[in-house]
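Chain naming follows the written order as A, B and C, and within any one chain the residues start at number 1.
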Amino acid sequence: MKKFTSFADVPDYRALLQQALEIKQNPFGYQHLGKNKTIGLIFFNPSLRTRLSSIKAAYNLGAQAWVLNAGADSWTLEMADGAVMNGSTQEHIKEAIAVMSQYCDVLGVRTFPGLKDRDEDYNEVVFNKILQHATVPVISLESATLHPLQSFADLITVAETKKTERVKVVLTWAPHVRALPQCVPNSFADWFSEVDWVDFVITHPEGYELAEQFTKGARIEYDQQKALEGADYVYAKNWSSYQNYGQVITQDPSWMVDARHMALTNDAKFIHCLPVRRNVEVSDAVLDSPNSLVVQEAGNRVFSMQTVLHEMLKPQG
Amino acid sequence: MKKFTSFADVPDYRALLQQALEIKQNPFGYQHLGKNKTIGLIFFNPSLRTRLSSIKAAYNLGAQAWVLNAGADSWTLEMADGAVMNGSTQEHIKEAIAVMSQYCDVLGVRTFPGLKDRDEDYNEVVFNKILQHATVPVISLESATLHPLQSFADLITVAETKKTERVKVVLTWAPHVRALPQCVPNSFADWFSEVDWVDFVITHPEGYELAEQFTKGARIEYDQQKALEGADYVYAKNWSSYQNYGQVITQDPSWMVDARHMALTNDAKFIHCLPVRRNVEVSDAVLDSPNSLVVQEAGNRVFSMQTVLHEMLKPQG
Amino acid sequence: MKKFTSFADVPDYRALLQQALEIKQNPFGYQHLGKNKTIGLIFFNPSLRTRLSSIKAAYNLGAQAWVLNAGADSWTLEMADGAVMNGSTQEHIKEAIAVMSQYCDVLGVRTFPGLKDRDEDYNEVVFNKILQHATVPVISLESATLHPLQSFADLITVAETKKTERVKVVLTWAPHVRALPQCVPNSFADWFSEVDWVDFVITHPEGYELAEQFTKGARIEYDQQKALEGADYVYAKNWSSYQNYGQVITQDPSWMVDARHMALTNDAKFIHCLPVRRNVEVSDAVLDSPNSLVVQEAGNRVFSMQTVLHEMLKPQG
C-alpha cells in the first residue's frame, strides 16, 4: 500500500480489518517491521487524537516518529505551481514534501478544507500535491474531504462489539455551533456503505445531503426518528452543507441525540469521532451511558494507524 | 503507586529516596520496566525543566514519550460538568483525559492556579477531574497548589550533599516582579516538614503565611536574619499571598538573598527550583558561587521523575 | 569534537567527509554509539530541515531526541550578564543552558542574527554564551554568522556527484524579497574555500561583499556571467549587505538564476540550501530540471548531522 487516503486505497477491507483485530491483540508483535523506521507526521491543523494515536502506533511498531506543526514550527508554504514567490509564502510545497520524504519512511499529513471553494476542496488540490511530491508512502491524517483512519477505527469498533451477524448503523447529522467540514461523514459513508454485514442509513435535515461519490447510493432517511428505529449503532456528527457549500442550513436542536432518540433504537451503541460538543451534538446522558463507545473508539485510532503502517512497512509484493 | 500528586501519595519516603539515589547511580538499569511503555506529558502551561527532564526520565527507563501542549496543539477544553458546549470550548476534559489515557501507560499533567478563586485552586478542581477521568497512573507535573516532583528532586539534592546527619533547611520568601503561585513553597513544606533528619524553618514577611495543610506546624520565623542563622541549606522562592489570595503584599528588596544573607548561615548551600530572576530574588554572587546547587538540583529532576515512573511501572503487588 | 560551529572546529575535513559517505552507505551501523544517548535540540527560530534531519540523524544513530522551541514552549531568556531581571525576561541563559545540558548528551542550538548590530552578530555573542555555559558538546544548528551543518551537507553533495577530480563551484548572490542573514554564504565560503579539489568563485553585485574572515581570499567576480562560465556547480543564495549591515543594496532581478544562466556553465548541477523563493531567487525551470540537486542536498543534512554526532559520541582519545 503506497497511499491510504480513502476506502478505494484498500485492496481488501476484510483482510485489513482482520489484521487490525490481530494487531490489537498483539500490539508489540511486529516490531521487526518498525525497526530503524521513522514516521513523519505533518499537521496543518490542530489535532489531539490523530497526533497522539499516530505516535503511539509508531511506538507500538518499534518505529520512531516526528511531528511538524506546519506554520508554527516551520515555514509558510506556497501551494500554487508557477508562483512567483515574492509574497508571504516562504517555501513551495514541492520542496517541502520532497524534502520531508527524505527524513522519514512513511509520511502522515493532515490538511483541512477551506469550506469556501468546493471544487478546490473536493478535488483535494492540496492533498494531491502532497501525493505528487512525496517519495515515501503517504497516509491521510484527514484531508479536505475524508478522514479514513477515523472510519477504519469506527469499523474496528463496530466489528469488535457487534452482537449479531448483521447490524444496522445509522449516521445522523447533529447540531453544532460552527460550520464544520464533511470529512468525517463523507468518510464514514465511504467505508460503511461498502461493508457487507452493515445495513447503513444516513439521516439529516434536507439540505445536508452529502456528495454522492461517498454515499454511493446509501439509504437516506430525512425522518430522524424513523432512521433510528432498530439501530444497533448510532453515529452522530455535525457537518455543513455540500450543496450550499460550507453553509449552515439549520441548527435545529431537536436533532441533538439524547435519551429519547436512543430509546428508539435496538439498545444501540453510541459512537462519535470526538471532539464532541456535549449537550449540543449529544446529551451528557448518552455520552455517559454504558452504551457509549467513544473512548474505546478513540483507542482504536491507535490500531487503525498501526495496521496501515504495518501494511506499508511489511515486505511488499 | 497510582498517583503522585503530593507527599501523602508516597507510602515510604525513605524508601523512595533510596530508590532515587540508586537509580541515579544506575540510570539505565531498569529498562525492562520501560520497554513498550509510553509516557504521555500534557502541559497547560509552558515548561522547560519539567518537560525535558520528564522526557529524559522516560528515555532513561527505556520508555517512549509524547508531549501535548494543550491549547496550542489541540483543542480548548471545557472543565465544567453539565456544560452546554455552545461557546468557545471544543472538547470536554472528560473525553480528553479518558482518550489520552488510551495513548499512554502513565500520564503526566501540568496545570496552574488561576490565583483568583482560592477555593477552586485549593480544591484542585482541575487536577481532580484529571484524576477522575484518567484510566492510567497520573503524575502531577505541577498542579494548582503543589509541585511534588520538584520537592522530591530537592530532597534528593539535599540528601546527596549533606555533610551532617541532621541539617537545618530554611525556606525563605524572596521578591519578584509578578504574583506567583504558592505551589513550590507549599510543596517544599509538604515534603520537608516530614523529613526526620531536617530542622525545617520557613521565613517570610507577615502576610505571606502559607496554608497550614502544607506547613503542618513547621516553625515560622518572620525575622529572615534570625531564620538564616546556622542554616545548612537556603531555599529561596517568591510566592503571592494565601490569605489575600494571589496578592502581592510587599516586594521588599531587602529579602533578596545576597552574600550578606548567606554569611549568616553555616556555609549553606543555595537551592532554587528555577527559573530564577537574577538580582531580584537572588544576587548573581550567590547564584554563581560554588555553594549554589541550582544546576545539580535541576539535574535531579530527571531522577525524581524516573523514580516515580519506576514505582508506577514496576510489577505492583 | 566538543563543538561544531565552523570549519575551524573540524580537525580533518577529508576524514570527516569520508566518514559521512561511509555513514550514508550504512546509516544504522553505529547504533552502539547512540544507545542511551539523548540529543537536545533548541530552536530560537523556526526550522524544517534542521529540525527534522537532526531528529532523523539521532534516530539513525540509535539515540533519542527532544526539541525545545525556545520562547513558545518555555521561558523568555535573558542574555545580559549582571542584568537585574525585573522586566520581561524570565530565565537567564546561564541557567537555561546549564540545565538543558543535564537533560542530554549533545546539545544542538539554532540562533539567528538580529541584523542590526554587526559587532554583536559577528562576535557571536549569544552563541558564545551558549558554548560557555554548556557542559556537553554543542552543535551549531545555525548561528548569527554561520550554518556549518548546511555547508558540510553541501560538501557531501558535491563530493558524491562530481564527475571530475577538480570541480568549479560558484556561489552566486540571488534576489529575494527580504533582508536575509549572511550565515549560509559565509559558511559555504568558510568550507569551500578550503577544499583542495574545488575552484571556488563568489559572484554578487558590488556592495554585497562577504566578511573576509570567511571568504579567506576566495576569487570574487562581480560579473555573474563570467563567474558562471564553466561552472560544475552553481549555489544560489540571497544575502543582505555586510558593509551596510543588514541592508538590501539591490534586488536586481537579472541575478535570478534561470536557464540562460545555467547555459553558461559546464552543464552545472544546481544546489541551494532551501527554503527557496521560486521565480525570485531561481526559476522553476532550473529547480525542476534533472540538474537540480536540492532535494538530495537536503537529504544529506541527515548525514552531516549524523556524522558530527558520531564524532562527538565515539570514544574520545
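Assume contacts are C-beta pairs under 8 Å (C-beta built on N, C-alpha and C of every residue); 3 or more make two chains touch, one makes a residue touch a chain.
Just so it is clear, the structure is predicted and the values come from calculations on it, not from any experiment.
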### Query
Through what angle, between 0 and 180°, must chain A be rotated so its C-alpha atoms fit those of chain C, rounded to a multiple of 5?
120
### Query
For the homomeric pair chain B and chain C, should the interface be classed as same or different, according to whether the shared residue numbers exceed half of all numbers used?
different
### Query
Measuring from the mean C-alpha position of chain B to the mean C-alpha position of chain C, what distance in angstrom results?
39
### Summary
Residues of chain B that touch at least two other chains are 72
### Query
Tell me, which parts of chain B touch chain C in their complex?
28, 46-49, 51-53, 55-56, 59-60, 69, 72, 177, 274-280, 284, 287-288, 294-295, 298-299, 302
### Query
Which bits of chain B are touching chain A when the two form their complex?
36, 38, 40, 64, 66, 68, 72-75, 78, 82-87, 90-92, 94-96, 98-100, 102-104
